[in-house]
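Here it is, the structure in full.
First chain written, first letter: the chains are A, B, C, D, E and F, and each begins at residue 1.
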């Protein structure tokens, strides 16, 4: 591993980042073609947050959170810190002291493929975290890793400057170059969904709104009156 | 798989269904002889709901939620939709649009052996869901399955028209024919528990209320004053 | 297994126990040298509790909660009941009736390496539980186990009279003889952290507060301006 | 639970059962429309077996193997014993003594949603087992269950008399009434695969054998010479 | 944690240790009252070994195998090394070099609550290992732990000098003081099982050998001819 | 997702690839600085293989193996096919027919973050596979993915043309540009280990070979004669 800290990270346009936050994870994930979703074992430590920000990254080792202090210096207002570990680990790599530091530097939240602790304090501070585990297990500061290099987190490649969107549904990453298209796609999708929602709320069926009946029949779906008729079908 | 939709489902008496909701999952599970409980990996997406309803079922394929639109048409007020998948899957098969549709049709909730998304919206709408996972992963609509056939969900067979009871403890299924007996058993059990609760709250011990002391002694339980006496026992 | 109930348990000083509760799990775990933490699969059934108490223990068998009634009699005000199972099990071994009994006897909470049920009631009662699972699965009362013997719970040895500290971060055990040192260590650590927190909140970096820069450089951490410079490093 | 033993089980034709064994699990699963497969956590305790037989079933409780002795009496030559547990459990419910008994009664193997032990002996005896776990944990004989009732095992409903096919790929259940069609379908599929295998071994591509190229293009698959051309696509 | 190496370990009588190896894990576990079994996630890296030996223990940290070299010096011929980790970890803490060293010192095998690597070499050397995982992930040598202190491994307390028995069924620990009784109990149990095995092989049923029929009837087990009679029972 | 097939992949020098195979996964992983290891849930379907080859990659969808036929055409002799899935999935995406095709095209093996089937046939053919699961669950061919694009597999980024090394310890990826250095490092490491192995086999201790004693003492490791002395230490 190259034990480097990359100082300069190109970030996406703030207005587009905030637009993605407004649409939420599920919509952004759909809008960019169903890619970029972190595996669902990454969960928020408390419900009710929805944020987006530019990724600054750290690659750390199991049981060692030294790089968390190094990445703190690289945070700019509006960033989200993304932490990968070189092997599966659930130790509590982040707590209220680091959160105080990250928050003071302007970070909007943390995504970490490991554990965190002081979760009651983090909620009281309003510092949202998406993690693999909650664990009070302390860590050492012995081995250097890397900051602001591309990392794999929960099955997704995250390059510094990519946009992270995170809410109660999980976490999605949008490549920096794809941000304008994703923001526009998510906006359209949201509008489209509003119209659909009104019709569905009025009792219309998706079967009719989406014209599914003919294709369902063609694919072999058969309506019968009673389960006893199943055997007659063949 | 027979790709059918069964239109007619016999449902249990509404009054009995509501009585089961009032008793809760743990009591109903006990009252019918400790059967029918879905495996505990099925969890509510938010705390505080307690519902019961008639099962309408859908059998879907991994990553494909097409049948969710088909089952919507079969919902009658008071139903709970129960969704099985033909192989383990955590994709987000259900979100706020389908919930709007299900709620407009009168569904009381959803039990699904897969993932759901838009969980913040679902909570805001008051549409309770018990699922295996929360995931924003979108699904396709390519392969037909079945609606209102018997399905296996989280280790239990659910036949359309069976009654589902769900709360913060999990989900239990009551066969339709067994509903009257289960409701009566649950009612008695609740009464009995109320009496026990008062005695226990007053400091009486279960050892005495349930006359356990003699049987414990017969089964070999020995009281000693200190752990050091253990070695003298043999 | 020796099927015994040990009546006498030496307990730590109440003032020290309460002091540990005030510091919380993560701090106590650090203060005693990063030992004693139960594995992180043990989670609170609801958020927001922080307790400490003397351990009274029960060793039960899978699907059998008989010893829970036996341990109730051994509870003294301020205790926390700690339950181990002789093989992995998620059944709901504890519910609102036993909680009523434990609470009446003065217990502050329960730590159990199995499942619990009636979780909505337990929250309403204010009886905190840390468990491996939530499950409505009922249990039998057929096989005797042991009460107030040393047990292994979630990877840690707990001897009756040890102090348990539990909060949203998890559960830590402090050996009774180590309680004074742990309480003093945790107090100092808390003071020290308060000072650090103020500096971090003001925007100072851990890199500077902890004098990390020189050691990081010695360990080979290199700062570069762009990720493209990585290849030039070698 | 009805604590019954059903004595009479209708079984499928022996010739068809053996034909299914000859085709193997993957082919039978495909031949009957991709249904009936037990979840993949059920694994053989040793490699190299391929069997089929009529299901005789037992429903047992966690940590209690009493019904295993009851089901032994119901075994007829050619049967496979299928064991479900009323809650998740990994205890070693079956070992070399029961295997000796089952083998003497003519059983071809065991499928169990729990643990087994004496696995070295079972392999030496040539008694194949598909299980959820290997565990030496002993069990009690305290609570009655049921024999030859429909059970849910690893996500599938198994009715006594259904045919079980098991090999290194896992376990599939074929409803008794569907056995003739499944056997015929599996035979045809096997023949068809033999022809395909010869062509593929000669270097022909599935793309050509299955005429996939046109449909792939229609679905949007694009061939490019270098990954650098990806950005030009949009 | 006290970072100590304890030099002197009292060991059990070699003849009794070897007698326990001859009986195997399942029998020893039963003979000592169904206690002492490590959780079933600990599995042999290759099949076919059955060993017993005196435990020498090491407590290490995640991702750090330094103490493995320290424990090597404490091995005496006939020992089994038992390794606990202070937090869940799957790194490959042991490979063919350490195995060469352990084997040269007379160790019979290794039980480790973490990962190992070079498993093909270990099998070729005939050095059996029971582990939680197989992983090539390398480890550092940065943090000291302890050697020959009591440790918790896979849910069991192991005190140096306790006897470890390990085979394809898993791993059981016998307290040193309990070794004579366990060896005698296991011997008797083996004899008893031999007699039972002969009767079962001849087709006798456990129902008759163990006189279960009367008790089963008393507990409510009912024999019926067909599953259709179930409904008439109530 | 860009649904493309990239035709041209630059591959590393065959001699270096074979040299890496000769060193094995653990040694290569160490030689390149402990990076590149796939998570340990990826396991060989049978023991005893050790291969290296150039990665050709496929990105598929859950339950859909269409791209497996597309990637077959891109295989050149000596390649290893690496398959990523867009969401967690265990379906049997690969069996003996595809293996026949891959083998005919010159593939040395398969690494797949999903399930495979026909494992007995694959072993008989000598076609090694490293997978997440074994499952007979069949898949559809409905949705296009991508071939020879960078993919994330079991936590690691794999770019087409990277070298994959796989054996009984797991799977490691070496970036194409890093192959010469990794091969040289692995060769040196192997030589060095041979010398160490001889000394360890002769009974020398790692403590002495690696001069660890002084550093251990400095880090606070204390030797005592009996565990009873622990309390005197403080």
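Convention: a contact is a pair of C-beta atoms (placed from the backbone, for glycine too) under 8 Å apart; a residue touches a chain by one contact, two chains touch by 3 or more.
These figures come from a predicted structure and were not determined experimentally.
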Chain separated most widely from subunit D, comparing mean CA positions: C
Copies subunit C and subunit D - rotation angle from C-alpha fit, nearest 5 degrees: 180
Separation of mean Cα positions, subunit E and subunit D [Å, integer]: 30
Subunit B-subunit E separation of Cα centroids, rounded to whole Å: 38
Per-residue overlap in subunit C, given as positions that touch at least 2 other chains: 34, 37, 40, 86-88, 90, 135, 137, 143, 150
Parts of subunit A lying in touch with subunit B, wherever the complex brings them together: 24-26, 29-30, 34, 37, 40, 43, 47-48, 50, 167-170, 172, 193, 196-197, 200-203, 205-207, 210, 212, 216, 219-227, 230, 233
Subunit B - residues contacting subunit A, complex: 2-8, 46, 66, 69-70, 72-73, 90, 92, 95-98, 100-101, 103-105, 115, 117-120, 123, 133-138, 141, 143-144, 148-150, 160
Contacting residues of subunit C [partner subunit E, same complex]: 1, 33-35, 37, 39-40, 86-88, 150, 152, 155-157
For the subunit F and subunit B complex, residues of the former touching the latter: 61-64, 87-91, 135, 137, 140, 142-143
